[in-house]
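Next, two complexes with chain A in common: one pairs it with chain B, the other with chain C.
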Partner chain A sequence: MSADRPVDLPEILDGTLLQKPVDRRDALGLLLGGVAASVAAVGACAPLNAATPEERELKLLEWEEFTQKHYRRMTEEERAETIARLERLAKLRHNEDCTIATTDAQPGVLFGYAFNVSKCKGYRRCVEACINENNLDRHQDTQYIRIFEMENGVVNLEEADPTYQHEVPAEGHFYLGTQCFQCANPPCVPVCPVGATWQEPDGIVVIDYNWCVGCRACMAACPYWARRFNWSAPEVPPEEVNPNQHYLGNRDRKKGCVEKCTFCIHRTRQGRLPACAEACPTGARVFGNLLDPNSEIRWVLAHKQVFRLKEELATEPRFWYFSD
Partner chain B sequence: MHLWAFLLSALRSVTSGDRRYHLWMGSLTAIMLVGGYAYLVQANEGLIVTGMNNHVSWGLYISNMAFLVGVAAAAVILVMPAYVLHDVDFSRAVLIAEGVAVSALVMCLGFVMANSPGYPWKWWRLTPVIGLLNWPDSMLAWDVIMLNGYLVLNLAIPFYILYSHFVGREPSKKKYVPLIYVSVIWAVSIHLVTAFLFAGLPARPFWNSALLGPRFLASAFTAGPAFMILLLGFIGSQSRYAIPQVAIQKLATATTVAAQVNLVMLFSELVYEFYMPTHHGISARYLFFGLGEHHALVPWIRAGIFLNVAATLTLMIHPLRHNQRVLMVACATLFVGIWVEKGIGLVIPGFVPSPLGEIVEYTPTWVELCVTAGIWALGLFVLTILVRVALPIELGEVRSPYLEQETGTRIVRPRATRARYEDIRVRIR
Partner chain C sequence: MRRAPRATTAICLVAVAWLTSGCQRDYVRWDQPPPGTAVLQIDSATAASNAILEPGVLATVQAVPVKRWKGPGNQPFDVALRSATPEAGHSRVFGSITLPIALRSRAAALSQYPCTSCHQGRKVVMANQRISDAHNNIKPVHPDQTGAVCSTCHSADDVELLALKSGERATLDESYRLCAQCHFEQAEAWAGGGHGKRLDGWEGRRVVMACADCHDPHNPAVQTRIPFRAPQLERTGGYHP
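Up next is the complex of A and B:
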């Protein structure tokens, strides 16, 4: 049974809610949520006696989280409040001390990625780094990166093996990694019925996990199988949590929302490399700013024969493959 | 006052009945309770308790939704001739058709809810103004508008007509006919929009076809009227609300034509996918023949096609179609056949193999099966209630008790339907 104790009105009224100016949207949201809470009251058989101050605080914060606005509609103050609430919630729920950034896209930056298929040896160190860096669910074994083992001479993903379990590199094979390609023309974005996913000015396609309703239309729309769903509540051992987080990136997700690779938005917006690029022992991964003519990615695009997956779909991925 | 009486009388109609009726409603309630329990399990654990996964991310729920939108849309087959073309043969059946549409829509919304885990009230975010409805970009946003709008239309029109009859008034055509026109266009649109939800995704070549929208309509206008024939036949045999045989036969003809068109489309799809097989057709290959050791859907789709072909051929033979018993069996077969073809054979193979070529098969779990059964029971429950309320009013058995008290009002025995009106006129002559 769910531990959802209904948020009864007195708790809300004596809290901070009334001191805040309430606009029409908030009021309506509150009203609607009130109906929802009464449904919850009937639906969730929860112990009504549990009311330590922490639990009460948790309930109140969860309530505020539930009625929270769309990220892109928040003012600066609302963003700050939201972040403070989410950090506190992480503490209350998982005893985690994390900092959640809301760093915006930097002007003059457009991220691009290139993958050297002749250098990759299939060690999957990128996969490992990604799991740790992005606090991916250990229970469902969520992975953003997929490494396909392909036979020399065959470029056909249907005949590739993405689940190989043997010593690498295997004789006569090469390796091709996929993840979210942050398409310039992302098919996953328009399909969302609530606008919970969008493309940022630096090209990263992001999700507001709190706004996502979990319909999975975006998963059906992605031609590169880049999106993952939280089929159950994600689990990360507290000692393994990466506390350096971003609202649109590796922060705590809940069951029932979609997530995806964000080119490590919390790192790359601070000028660092994505964890996969940093972890790669063979130098197969090249990441950089497409708008910077002196960047390595621009050099690769100018000097190598590159290709992208499923060009015919006109998605314009910002992720290229090349070989030496 | 009349409204209160209407509700009371509706409650009385719904709660009184013979033992078979109570047994029927009791069984539906039991199934709903089991479904409700399964839904709670799913809400607490997450969708991990279903057979869906990151590869096959939609399953039984969305499949059933796609099928039932079609059943709802098919009400138009009766609404259009009855109200727009003034075909008197259909006038008795049309309220029933609208009841089928309402219950199908209730099921559709139930399946949409079940597909999104946890708390259904998350869906307030779809409400314009307080939430964010990504319209017109998102096909799902269109679908939400269309389904809810169609539900409102199909509740409002029959309610207005029934209520008018209940209080002894003739429903004003000026009021409801414009709504009828809207609902006719709306009906076709809801199913097209649902098809576009799939057809608009280049990521899934199996769905990404211009034929999908028309094919959805053809299969909808097969399964929907087939169900209506079954229901009307049942009502006719169980109550005094006799549906003219000619109406049933007209419906049967429409069903037959739609079933033929559906088979033509199926055939053209098979030619397209298999005459010169390409990578584009790999999901179709999985569906019809299997890929290596993966062939879970092959027996289903073959059975589905067999049922469809057999029923369509039967209906094409006039003496057989005119035989009430054969007609019923053929319609039941057709309904099941379309459900298999569209329910199992459309949504799931779109995900197999995944866009990157991985093959993960899908098998629904007990939770999904129970929730699905529960939602179907809910739909039948709603349908039974609607029919139960409508019939006595249309038969003139139930009228507002306040009618007699009102002095100066001429109590007209309302013509329940145009057909009844015709009867009266004939008698007067």
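Up next is the complex of A and C:
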């Protein structure tokens, strides 16, 4: 099996099939066949003989959800329809009364984050707040934030411990938290084969969970391990669901899609702080608008010595670390 | 004989490098203090005009550049001189910070507030500077190195005021004025946004926690705690850095 040996690929794989001339009769036949197959598929999962009106409605809505457009191609009306459908689906599936926002980015806003390494004491209150705020899967124990415990003197993530479980802060150690850095040059975006992930004008990298096909290419591309995969449908106890949701943020995810930190898009686009920054008991997390010269984040960038992780990769994270 | 000049040069170079690196490490940002050095201080007119804004927030205070770090008698304040050189010591500045800062009211957090419910006409600080039985929950460990007593921070005459070294007095909500006398680096970072916790969101009015909201004034060091649970690796497929 040498590498230079020619390989016979089937037509469908080497691309020659699409270049063959196809006459009108064949094309029509293919088209009609496809339509017939679709109708059959609809019939198979269609709600025609569902037992109750709720089941019937659920199956209809699921079919509509399956065929919905890409979020960025929706008109205002289609967005409103989609939101109404998703809210109804959450009610039917999980008996949740949630509101899903589609708030767009504010003009003149670019979000940035700073993390004070000498203030973080490793309490993981941010992790707890993130799980509750973003309706993260309790079964899989999805966590967007990792807090690394490291020995004083050097930032070495290779030998850092993200799974410490003892009284903190430990003597001779410091703590450094990672999450999605909302890179200005995000390597996860161009690798998506279906365009399901993109960067918003305020710098937040988001995912259309309904458009994601679950190939996990973005997870492989991210040098910071910031993305999480839903190996199963996320499970959140009904009484713990956060009903304040955003289409691009913490709404109900499906099995087999990728999710990530969005700087709490449903909160920050309303002027609030991300849940992690609000929960931090030591004030180690600084969040703000990079385009506002009076913001706290700009003060930190101007007055503190800051660094970013893996700067040599030119991903330009909008997440800086600093110390007192 | 040919090695002697080289050795001397090397020693000189090392010595120069050592001295220079020491200076830079400590004062890289402060070698040229800007003119009009400033200290964060309440502008009382501003504070009065912006009186109580909402429950829990006492007043919006304006940080205005007013004076250098000087102690009583217009002498450089001795605590500020802890840093290496006198020049660098008292020329540390807040800069001209003009952001309005709203503070949480301290009263809600005090279990025995208002103080006048007990201290009716009495002096706050006892003559022998011992802690009375009514406050036996206080185990002061700070400031411990300087031989401090109650009246170092508390006004001896008025129960609900703090005594500043300048002779001025501050309310309990203005703990940052008291703490900033020694912890000027932290106060500077706090005024700018690099220290302390912001409360009400990233845009609009800035409401921050003051020093005593997080730090117990009598025991300000950070305490150890049990953290929130660690991620369960077997469920997420493991970690890599």
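Everything below uses one rule, namely that the second predicted complex is superposed on the first by the 274 of 324 C-alpha atoms of A that agree within 3 Å, B and C clash if a C-alpha of one lies under 4 Å from a C-alpha of the other, contacts with A are read in each partner's own complex, and residues count from 1 in each chain.
Throughout what follows, a contact is a pair of C-beta atoms (placed from the backbone, for glycine too) under 8 Å apart; a residue touches a chain by one contact, two chains touch by 3 or more.
As the structure is a computational prediction, the values presented were derived from the model and not from experiment.
By the document's definition of touching, both partners, chain B and chain C, reach A:E158.
With both structures placed on the common chain, the touch criterion links A:V213 to chain B but leaves chain C unconnected.
Of the two partner chains placed around the shared chain by superposition, chain C is the only one that A:N116 touches, whereas chain B remains out of contact. When the two structures are aligned on the shared chain, A:P187 is found in touch with chain B, with no touch to chain C.
After overlaying the two complexes on the shared chain, residue contacts for A:Q140 are found with chain B and with chain C alike.
Contact with neither chain B nor chain C is seen for A:T52 once the two complexes are overlaid on the shared chain.
Judged by the touch definition given at the top, the superposed model places A:T75 against neither chain B nor chain C. After overlaying the two complexes on the shared chain, residue contacts for A:N95 are found with neither chain B nor chain C.
Using the contact criterion defined above for the overlaid structures, shared-chain residue A:A233 touches chain B, although it does not reach chain C. Residues 140, 146, 148, 157-158, 160, 162, 225, 228, 231 of chain A lie at the contact with chain B in one complex and at the contact with chain C in the other. In the complex of the two chains, the chain B residues touching chain A come out as 40, 43-48, 50, 52-55, 57-58, 112, 115-119, 121-127, 129-134, 137-141, 144, 197-198, 200-204, 279, 282, 350-351, 353-358. Across the complex, chain C is touched by residues 114, 116, 119, 121-125, 127-128, 139-143, 146-148, 157-158, 160, 162-169, 225, 228, 231, 268, 271-273, 277, 280-283, 286-289, 292, 294-297, 299-300, 303-304, 322, 324 of chain A. Note for the complex: chain A touches chain B at residues 1-2, 25, 28-29, 32-33, 35-36, 39-40, 43, 70, 73, 140, 146, 148, 156-160, 162, 178, 187, 190-195, 211, 213-217, 219-225, 227-233, 255-256, 313. For chain C in complex with chain A, the touching residues are 29, 99, 185-186, 189, 192-198, 201-204, 206, 209, 214, 222, 224-233, 235-237, 239-241.
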